[in-house]
Amino acid sequence: MNFVVTHFNYLAVIVLMMTGLYVLFATGNLIKRMIGLALFQTSTALLYISLGKVAGGTAAIKIYPDSPEAQALAAQLDPAYVAQFGVSGVVYSNPLPHVLILTAIVVGVATLAVGLSIAVRIREAYGTIEADEIEAVRAREPGE
Amino acid sequence: MNAIALEASFALNVALLLMLVAIAAAIAWTRSLVAAILLMGVYSLASAVWLVVMDAADVAFTEAVVGAGVSTVVLLGATLLVRPGPVRVDWRRAIAPAVLVVGVGALLVLAVSGLASFGDPSSPANAHVGRSYLVETPNDIGIPNVVTAVLASYRGFDTLGETVVVFAAGIGVALMLGFGPRSSLPQPPVQPGEHHVVLRVTARLLIPLIILFAFYVLFHGDLGAGGGFQAGVILAVAPILHALVFGLHATTAAIPAGFVRGVAALGVLVFAGVGVVCMANGGGFLDYDRLFMPRVEAMIPPGLLGDPTYSHNWGQHFGILLVEVGVLLTVSSTMVTIFCGFAGRATHDVGSAR
Amino acid sequence: MADATHWIGGGLVVAGTLLTLLGGVGVVRFPDVYTRIHAASLTDTGGATLVLIGLGILSGFTLETLKLAFVWAFVMLTTPAAANALANAAFSAGHKPRIGAFQIMKGESSEGAGPAQRDGGVAP
Amino acid sequence: MLLAAGVAGLVVAMGLMIWRAIAGPSPYDRMLAGNSFGTKTVLLIAVIGYLFGRPAFLDIAIAYALINFVTTIALMKFVRYRTLAQPLCSPQDTEAKDG
């Protein structure tokens, strides 16, 4: 039970990822498949961000240690904890996963668009976007 | 106050994750593609709120504008072009994927049990590289937003790669779908009394504000949440809104296709050019410390801008800004290219292609 | 003084939230598209106004106040416009109101666009 | 404390919107739910910023308010007119049809 509490984020993200994977495999409709892929991709991003969260941390945008904001944030935490894990008096979350995921999201939408345009061209060539019907058309036209 | 904020953070985290699970289940369950696309947009919004709770302000920004904005519009455009029927459901086809997914999920749970518990500050992920970025950024780069510092300076070469990928994806879509309106589409049926005056007026008000906000996000990116990627997508939303309300012909008349493609290439060129200038001045590729010749750097008075408590490295400042401008140019024009490719491809082309 | 702003600002935030919640219940419970649009758009703008004023009182007069004003302006601009567009599109597509003066207006052609527009993918 | 209550209320309201977005029945109901979900998201971001002591994140709320509108218009055009490229009709168009 304790494992479920301490790893709740990871477990929830796994459920999300598996939902995306299920959509990807269970449907033959290419658009729905791309939606499943997007779901899977977003969930992977959530896993990375979960890993980078530091308890009691704040966003990795520096604030002055003597500003009222920083004082209020530090007042919520144990001073020993701040001294050990903080950077000049403020505890920040890990910025590295944020950087990786930020670019991944924009690249993700660009690749999603490429995938969808391939689906459009498949529709134009085969007259359908159902995977099994495409296979049937290909079986009928062995020359291709 | 103090305990409440921490407890509220975790409770909100749990509530939003449960909400995300519910939306994902609905996406898997629904047969309507429109509903699935709309729920994908809602999923993005909810996950963006969750990202704010997880302190990932920059990522939340990106996810909101990309996931809820551009990707929804792109999915709609693709759905229009393929004209699918309702998604067919065959329970026999669902068994094998379900077994597979449960198996993979069990393996992942096994793998995750080896991770440090959530929020652990001394976990391997958080203790070494991430922490040293936080410690060193004020000295090395001198800007408050560590995410932008890592993105544009420490990992600038990686970001150049990402920008090129976005550019290549834009070229791919343009090659496959063409650019802009290719033929005059049949007018949609108009009912008497049906007009969208309110929308037209609102859009006319909003479009300049969106562009202004995009530039605010760009120039504010090293001080707060924001940066070239977010600003680029927001900037692209303005032409998209214009095309949605006033028609794609009007938009491509204002922004010609060749111009947009040229700007996309220019963005990559600006990014790489900054690197080359650094090399010409004796540094490494994208080593912004050598962006200016020493003679120029000496002419900048110390403490010209900003707060004196942060050491100001002017090469880093201008290097990051120029690189972000390059990212903005490429990302925004790529998004516009993608939108025009999907929206402008006439539906009856689909029928005649066979 | 600080205590008073805390209670007034926080109270306004909670009041705006309650209004939004009320609108949410209306969206779930009301019978047709138009009443739901009515519930959602009115309570969204009203709730947003109360919440943002409350936050403005809490924050005092800083740069954040200006940003709150911008958020308010955009919400007030976009939410009613979107609600108007939705209601316009729904009505012209042939959705019949369940209650009110217009419910019999399109009675003759009710099997036209309304049911055909229900979900599904794209009509061929 | 009050802000935490506000956050809880907004989350519940978002849950109600998700219910409506899933239940439908017409696409206009779903779009309405999506749009209203977006507005509540804007408010939630603003309140979270103050609750966690970093009100600078209001920028994100502004971006949401802008993007949400565009998404709703795109969905509306898709469902009602089956096109993204055609202009929305202006008063002159409908007058021409009337006459």
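We just call them A, B, C and D in the order they show up, numbering each chain from 1.
Here, contacts are C-beta pairs under 8 Å (C-beta built on N, C-alpha and C of every residue); 3 or more make two chains touch, one makes a residue touch a chain.
Owing to the predicted nature of the structure, the values given are computational and were not obtained by experimental measurement.
Counted as hops between touching chains, the shortest connection from chain A to chain C is 2. Compare each chain's C-alpha centroid with the centroid of every protein C-alpha atom shown, and the nearest one belongs to B. Chains joined by the most contact pairs: A-B.
The distance from the centre of chain B to the centre of chain C, each centre being the mean of the chain's C-alpha atoms, comes to 27 Å. Separating the CA-averaged centres of chain A and chain D is a span of 22 Å. Chain geometry summary: the mean Cα position of chain C and that of chain D are 9 Å apart. The centroid of the Cα atoms in chain A and the matching centroid in chain B are 13 Å apart. Looking at chain C, one finds that residues 74, 78, 81, 85, 92, 119, 122 touch two or more other chains. Among all residues of chain A, those that touch two or more other chains are 58-59, 61. Annotation for chain D: residues touching 2 or more other chains are 1, 14, 17, 24, 27, 31, 33, 52-54, 56-57, 59, 62, 66, 68-69, 73, 79-80, 82. Chain pairs that touch, as defined above: A-B, A-D, B-C, B-D, C-D.
Interface of chain A with chain D (complex): residues 58-59, 61, 69, 72-73. By the touch rule above, chain B contacts chain D in their complex via residues 1, 4-5, 8-9, 12, 15-16, 19, 22-23, 26, 30, 32, 34-35, 37-39, 41-42, 45-46, 48-49, 52-53, 57, 60-61, 64-65, 68-69, 72-73, 76-77, 79-80, 181, 185, 187-188, 190-197, 199-200, 202-203, 206, 209-210, 213, 216-217, 220, 224-226, 230, 234, 237, 240-241, 243-250, 342-344, 347.
Across the interface of their complex, chain D is touched by residues 6-7, 9-11, 13-14, 16-18, 20-21, 23-25, 27-28, 33, 36-37, 40-41, 44, 47-48, 51-52, 55, 58-59, 64, 67-68, 70-71, 74-75, 78-79, 81-83, 85-86, 89-90, 92-93, 95, 117-119, 122 of chain C. Residues 74, 77-78, 80-81, 84-85, 88, 91-92, 119-122, 124 of chain C touch chain B in their complex. Those residues of chain D that touch chain C in the shared complex are 1-3, 5-6, 9-10, 12-14, 16-17, 19-20, 24-29, 31-33, 35-36, 39-40, 42-43, 46-47, 50, 55-56, 58-59, 61-62, 65-66, 68-69, 72-73, 76, 79-80, 82.
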